[in-house]
Amino acid sequence: MAKSKKIIKHKNTPKVGKPPGSLIYLGPKKDVPISIKVIEYNQESFQESAPDSFTSDIKIQQEGKFTWIDVTGLHDIKLIENIGKAVNIHSLTLEDLLNVNQRPKIDIFHTYIYIVIQLLKFDEDHNTVESEQLSIILGSNYVITFLESPSDIFEVLKTRMRNHTGKIRNSSADYLAYAILDVVVDDYYDVIEKIGERIEAFEEILMLHPHKMQIQEIYSLKRELLQLRKAVWPIREIITKLDKDDTDIIKEKTTLYLRDLYDHSIQIIETAEIYRDLTSGLVDMYMSSTSHKLNEIIKVLTILSSIFIPLTFIAGVYGMNFKYMPELEWHYGYYLCLAAMGILAIMMIFYFKIKKWI
Amino acid sequence: MAKSKKIIKHKNTPKVGKPPGSLIYLGPKKDVPISIKVIEYNQESFQESAPDSFTSDIKIQQEGKFTWIDVTGLHDIKLIENIGKAVNIHSLTLEDLLNVNQRPKIDIFHTYIYIVIQLLKFDEDHNTVESEQLSIILGSNYVITFLESPSDIFEVLKTRMRNHTGKIRNSSADYLAYAILDVVVDDYYDVIEKIGERIEAFEEILMLHPHKMQIQEIYSLKRELLQLRKAVWPIREIITKLDKDDTDIIKEKTTLYLRDLYDHSIQIIETAEIYRDLTSGLVDMYMSSTSHKLNEIIKVLTILSSIFIPLTFIAGVYGMNFKYMPELEWHYGYYLCLAAMGILAIMMIFYFKIKKWI
Amino acid sequence: MAKSKKIIKHKNTPKVGKPPGSLIYLGPKKDVPISIKVIEYNQESFQESAPDSFTSDIKIQQEGKFTWIDVTGLHDIKLIENIGKAVNIHSLTLEDLLNVNQRPKIDIFHTYIYIVIQLLKFDEDHNTVESEQLSIILGSNYVITFLESPSDIFEVLKTRMRNHTGKIRNSSADYLAYAILDVVVDDYYDVIEKIGERIEAFEEILMLHPHKMQIQEIYSLKRELLQLRKAVWPIREIITKLDKDDTDIIKEKTTLYLRDLYDHSIQIIETAEIYRDLTSGLVDMYMSSTSHKLNEIIKVLTILSSIFIPLTFIAGVYGMNFKYMPELEWHYGYYLCLAAMGILAIMMIFYFKIKKWI
Amino acid sequence: MAKSKKIIKHKNTPKVGKPPGSLIYLGPKKDVPISIKVIEYNQESFQESAPDSFTSDIKIQQEGKFTWIDVTGLHDIKLIENIGKAVNIHSLTLEDLLNVNQRPKIDIFHTYIYIVIQLLKFDEDHNTVESEQLSIILGSNYVITFLESPSDIFEVLKTRMRNHTGKIRNSSADYLAYAILDVVVDDYYDVIEKIGERIEAFEEILMLHPHKMQIQEIYSLKRELLQLRKAVWPIREIITKLDKDDTDIIKEKTTLYLRDLYDHSIQIIETAEIYRDLTSGLVDMYMSSTSHKLNEIIKVLTILSSIFIPLTFIAGVYGMNFKYMPELEWHYGYYLCLAAMGILAIMMIFYFKIKKWI
Amino acid sequence: MAKSKKIIKHKNTPKVGKPPGSLIYLGPKKDVPISIKVIEYNQESFQESAPDSFTSDIKIQQEGKFTWIDVTGLHDIKLIENIGKAVNIHSLTLEDLLNVNQRPKIDIFHTYIYIVIQLLKFDEDHNTVESEQLSIILGSNYVITFLESPSDIFEVLKTRMRNHTGKIRNSSADYLAYAILDVVVDDYYDVIEKIGERIEAFEEILMLHPHKMQIQEIYSLKRELLQLRKAVWPIREIITKLDKDDTDIIKEKTTLYLRDLYDHSIQIIETAEIYRDLTSGLVDMYMSSTSHKLNEIIKVLTILSSIFIPLTFIAGVYGMNFKYMPELEWHYGYYLCLAAMGILAIMMIFYFKIKKWI
């Protein structure tokens, strides 16, 4: 059964009553270990380090090198503030990246671009879509990513960078940001495919084995599709704005890749819409299957009753105690009566055969 | 049970037949005490006062200071007119702020901006969303707010201003207006979360304990969501117009915060839409749960009838009074008859087992 | 019961086959008395007259004075033509004002503006929305209104003008046109509120006393809402075009009032949409209430059958006429049998208690 | 019963695999007689002729005269080609007018405007909307119309032209084209009114006499509405493009009439949408009426069973053959038993009265 | 029965985790034979060849000649790369044409236009729409097409070119690309017509012979329509972009044909939408047909029970063993009793006749 708790994974509770502009982490994951991974790369070199804390030793904006700082865990406000100061980030951005309930969005500032996006994973045990907020700060030669809890989603990128495959090492920071968005959107394909598989499974099973709980599972599929759409829909805007931004952060070469990403997000949204239409078809199928079952049950009741009620009436008649009932005296009265009953029963059965009920 | 009265909280009755331009308060709250609170503030100073009436002593437009006049209670027309004269407000604006049935909107005049917005509260006792109209008049160095009845919604702002936390004291009047809009929109999150909790509660309970009144409660949730959307939807326009206005009242620094508010209102609308889609899923679940229950009841009827109707028929046959019924004379006739009945019953039960009805 | 006749009040029958451009009145109200009321006004003076016919004595375009000609009854083609000639009105406009099946619209000509709008009244006896076409011709210093049948809708305006309250006397003809539109739209509020009251009444009664005819009444509410929307929807366009017109007929001062009217029409449309959504919820409630009632009925049948069918079977067994039935000989056989029946009945009742059917 | 064949009247089969640009008539009406009617007219003169074939004698573009060539029957490719050559028509246009499955559209060429539109007729016998394609080629001083099969739709126009009523004779060719479009759109009113009448008929009858076949008839109404919309919807575009074209073919005077036509097509579309919404209400009504009938039937069953099952049980008890059954010996035992049965029956009836089942 | 597997024919699995920019074929058809067909043509000459591999002998960009390279089978990466190098194709395009899960789209590069489109075939055995990706690369004097598996769809074009019918040989490469798109879209008509035929078949059969599996088949029709729409919808964009592109690849003469193609895709989309609306009507019909059948069954049960239950009760009464039952002693008691039963039965039947149940 689908676990039905928590429609909106992170409760939509921004800091009611808190002054706008104060830094507080509001997410649920306050006990994950904080980790900072610093990657400095260019075409020739690649250095990884994992410092315990963010100190001024970490140089973000270096000549001729690109830096990717990958932060996991958001509850250390001090750390976030230090990073914010180091690359001169607006307080609203810092606030947004701590408020893990953001709608995916893009804010373009003079010196950096701030992107919020949802990481989605299909949790097969509970049939729910788990989401997590990923914040990307993209400067002209650095990328900083903030995740709430540890994830191996970036591992594939790092491996590529280490092995110098793909184009990341040969390109500037904006391509790295694109590559990050690309792996995130790739995961959406995974989610929608899982949902698609479940819908296909329902198509097979609904007509043959309708079950009370299936309607709830269809409902939860629909809910997950709505949530998926809510996460993917704004990506179109994000990419459109990236495409049209007039900072020099996004290079022209990268926009071609962004358009590809745009096509992917459209494809995901369209597929989600098709699946949503199909779930309503599943409900129809379930309803029709249930009502078919009801018909079957009532048919059995009706056939049995129709056969035996008249027979029982005949038996009742000859069970009456009137003094003068000539049939009772007949020698073959009993057998004639049984024969009449048999003929009546056969006629009823024949009638139901004609009506195609049997 | 949800109290089902009053779909549109304040009846939509503008002054039918009254000349446009005459000042009449049409809301239901004519007996709340009128209160005026005057706050004068800048970075250095903060003064609060609560005069009994609005006299010419109250200076609204002072050099180097910002003034917030917080009026509660709208039925004193004279007071409203005096304030209107003091800051030169158009008669249509005065009319609008007394007509508490306004759709949220913004009117940009040369010297001030007029914003109408709905305060929403989820009334947990009646499961309804209570709304109240808040009018904000924003000039270059003053903010005037008009509320129908006393509320503590601004208390948090005043505390921040007293303690000089947050940015209000350091900023101009437009930031105060933004901060007011921000606390109002924060309350919407609260409302939508309450509705979300109720939907989750329904998901849990509908399949297991369907009840006649639940469909009415789902209906009232849907109604409240529609009302919420009606209140939030125009906020997008309001902020877009604030953003693009060409008066000098809104400073460039504040527009960044407005865009944040815009994102919040989009998020609320999207969540409301998801919830609305889900309520229709709840109706499906209720319907399916009811029809499942019907199936169960009819199954019991059918099984019992199917078992006993043939048996009763057999008993009826041997209750007949024919003279010549050889079985009746048999010594073990009775036991044979009972055995035959038992076998028939077992066969029926077996048949229902195969059909998976039992 | 709602009278279900006539979905579209005035049948949509423009003059099929008639040449475009010929003047024919096609409405149903050919026997109402024709009346012409002429009002000449400015800030200082106010004159009312009711001439029998339209003669050249009636001066429409006078220097320093505004004229309002209020015509009731459209079947005197000659009269319409005379008025048309007097103020130089295009033949298409004359045709449109006689064709009482117009969609609300605005046509802006060089010397006048032509507005068609629907007067709506909720007929509480038949639960239908009655509509009537109002044509307004607005010139630079005159307003001519054409109504199909007598109505007191303008009385309130005339009283205000007589008493010199409100702004009409102090303003130019475009303000009068606005004031006319304003009283018309005010009536829409009345209609939508009546529909809202009926929806609320249904919410109360549907669950408790579902009745076959209610579904038809909900259907007719939906139909009236669709019709209301059809009448109100084009008003947005009308006002937008008035706002942007480049004739000098609409003064800048009046546009502010028009925007207010625009807000009102949006509010009516939004409320109508909410009500439309709610009517589909009412259908759900009705359906669920009916199926609940069905469940109740079948439960009664099942419980009674389940209790008595086995008992009747037992009675049948001991009504058999086998020679050797030892129980029949027992002295307390009868009482034991009754006791067994009682216990069986109690067990069945207990079972239904556990199943929560009773 | 509605004849349910052929959703899309003319099968959508453009010439699969045929090279684009070859002239083939693909419609079903290959045996209608070909007819050519030539009308030459101006303000002073009017000449009609019906030549057997299209020869070079027929002058289309004459100084000071307008020509209308009205062709019926499309299967004579040679004829079409000759006309095409005579007025220099693009091969794509010729192809389009032979392919009778076109969506209504407009193509504006340098020397002529090509309009495709659907003639609709409501076939009352089969309750279907019959469509036929009308092609109009409008040059600066000629109009050529192509119809698949004979129709009297243009008769009214020709009569007007003969009698010199209306404006056609006084206007240029574009007004004639407008007048043709006008009679076509007038027929749409007829179709939608017929559909409206059927919907009203259903409203009356559905609740009282629900019948299995009605749902199919509602379905076919919906189908016809969808088809109507498909035919009318593109007319808005057509008129918009006519309005904005920069050829000199459409005179400014005519655009005013076109706008009127535009309003009519909007009104038809809106009414079709309302009717479509209402058909879904009809389905609700049918469903509710059916389930009401089911409730009634089951109520009868339940009431009868509830009354007689307990009585039959009592009769069964006193039909038992126990030796010692004291009641059987009582002198008034039988009458007491009957009385008890009567009281029980009255109590059951009373219970159903309270439950309002009877 | 419709085979219900695979909603989205090609699973939407782009290369999760693969670096963007690496060439891998991900489709299912890895064992089809690779074939290359090279056609060089102009007005005078036409040469076909089918080389085993792509060598530098194949000249794509020749003066005065157009070349069409028709590649079938995508799993030979080397081949694709060679072609890519020969005409200087961007790596993203190569990637896209190997990734057979693309949404239809157009990418306009400086020297070529890349179009992805879906070939659709209705598989009548499984009632599914089979799709295959067609990539078209259009340069100023060449067209390269890539198909996953062998198909005879282009045969008709090649025949026309061989026989020098149609306009392809007389036109430039862009007309060939148009002709290719045209045959693809022609196939969509075929698919939608097949779906339309199935819907018509359902209309005929649903009311008369409702069957459990039909709801599943309607569901699969809906799914195929959604898929069709997903394939056709983007074609509008593709053509719009082709129309507006500012490369010199598309000649002005061809845009006229493109607009025709645009009209066709609109017509397909509109028809698909109508069919989608109709499928929901089919579900209504099925549901109503099922519930009608239920009513019929229950009516039989009720009529039979209503007639025999009272009769059986009477028989039971006279089967009681009370000592003093005067009726039992009457000489004609038995016959009177039978007569009374007969009259009762006739009355019940009469009652049902009045109720129109029989």
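Lettered A, B, C, D and E in written order, each chain numbered from 1.
In this section, contacts are C-beta pairs under 8 Å (C-beta built on N, C-alpha and C of every residue); 3 or more make two chains touch, one makes a residue touch a chain.
In this text the structure is predicted, and so the values were computed from the model without any measurement.
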Pieces of the assembly after leaving out chain C, positions unchanged: one piece
Shared interface numbering between chain D and chain C [over half = same, under half = different]: different
Separation of mean Cα positions, chain D and chain C [Å, integer]: 26
Centroid distance [mean C-alpha coordinates] between chain E and chain C, Å: 42
In chain B, residues with contacts to at least two other chains: 287, 291, 294, 298, 301, 305, 309, 312, 316, 319-321, 325
Interfacial residue positions of chain C with respect to chain B in the complex: 156, 160, 165-168, 178-179, 182-183, 186-187, 189-190, 192-193, 196, 199-200, 203-204, 207, 256-257, 259-260, 263-264, 266-268, 270-271, 274-275, 277-278, 281-282, 284-285, 287-289, 291-292, 294-295, 298-299, 301-302, 305-306, 309-310, 312-313, 316-317, 319-325, 357
Chain E partner contacts - residues on chain D that touch it in the complex: 4-8, 11-14, 16-17, 19-22, 90, 92, 96, 101-103, 105, 107, 212-213, 215-216, 218-219, 222-223, 226-227, 230, 283, 286-287, 290-291, 293-294, 297-298, 300-301, 304-305, 308-309, 311-312, 315-316, 318-321, 325, 327-334, 337-338, 341
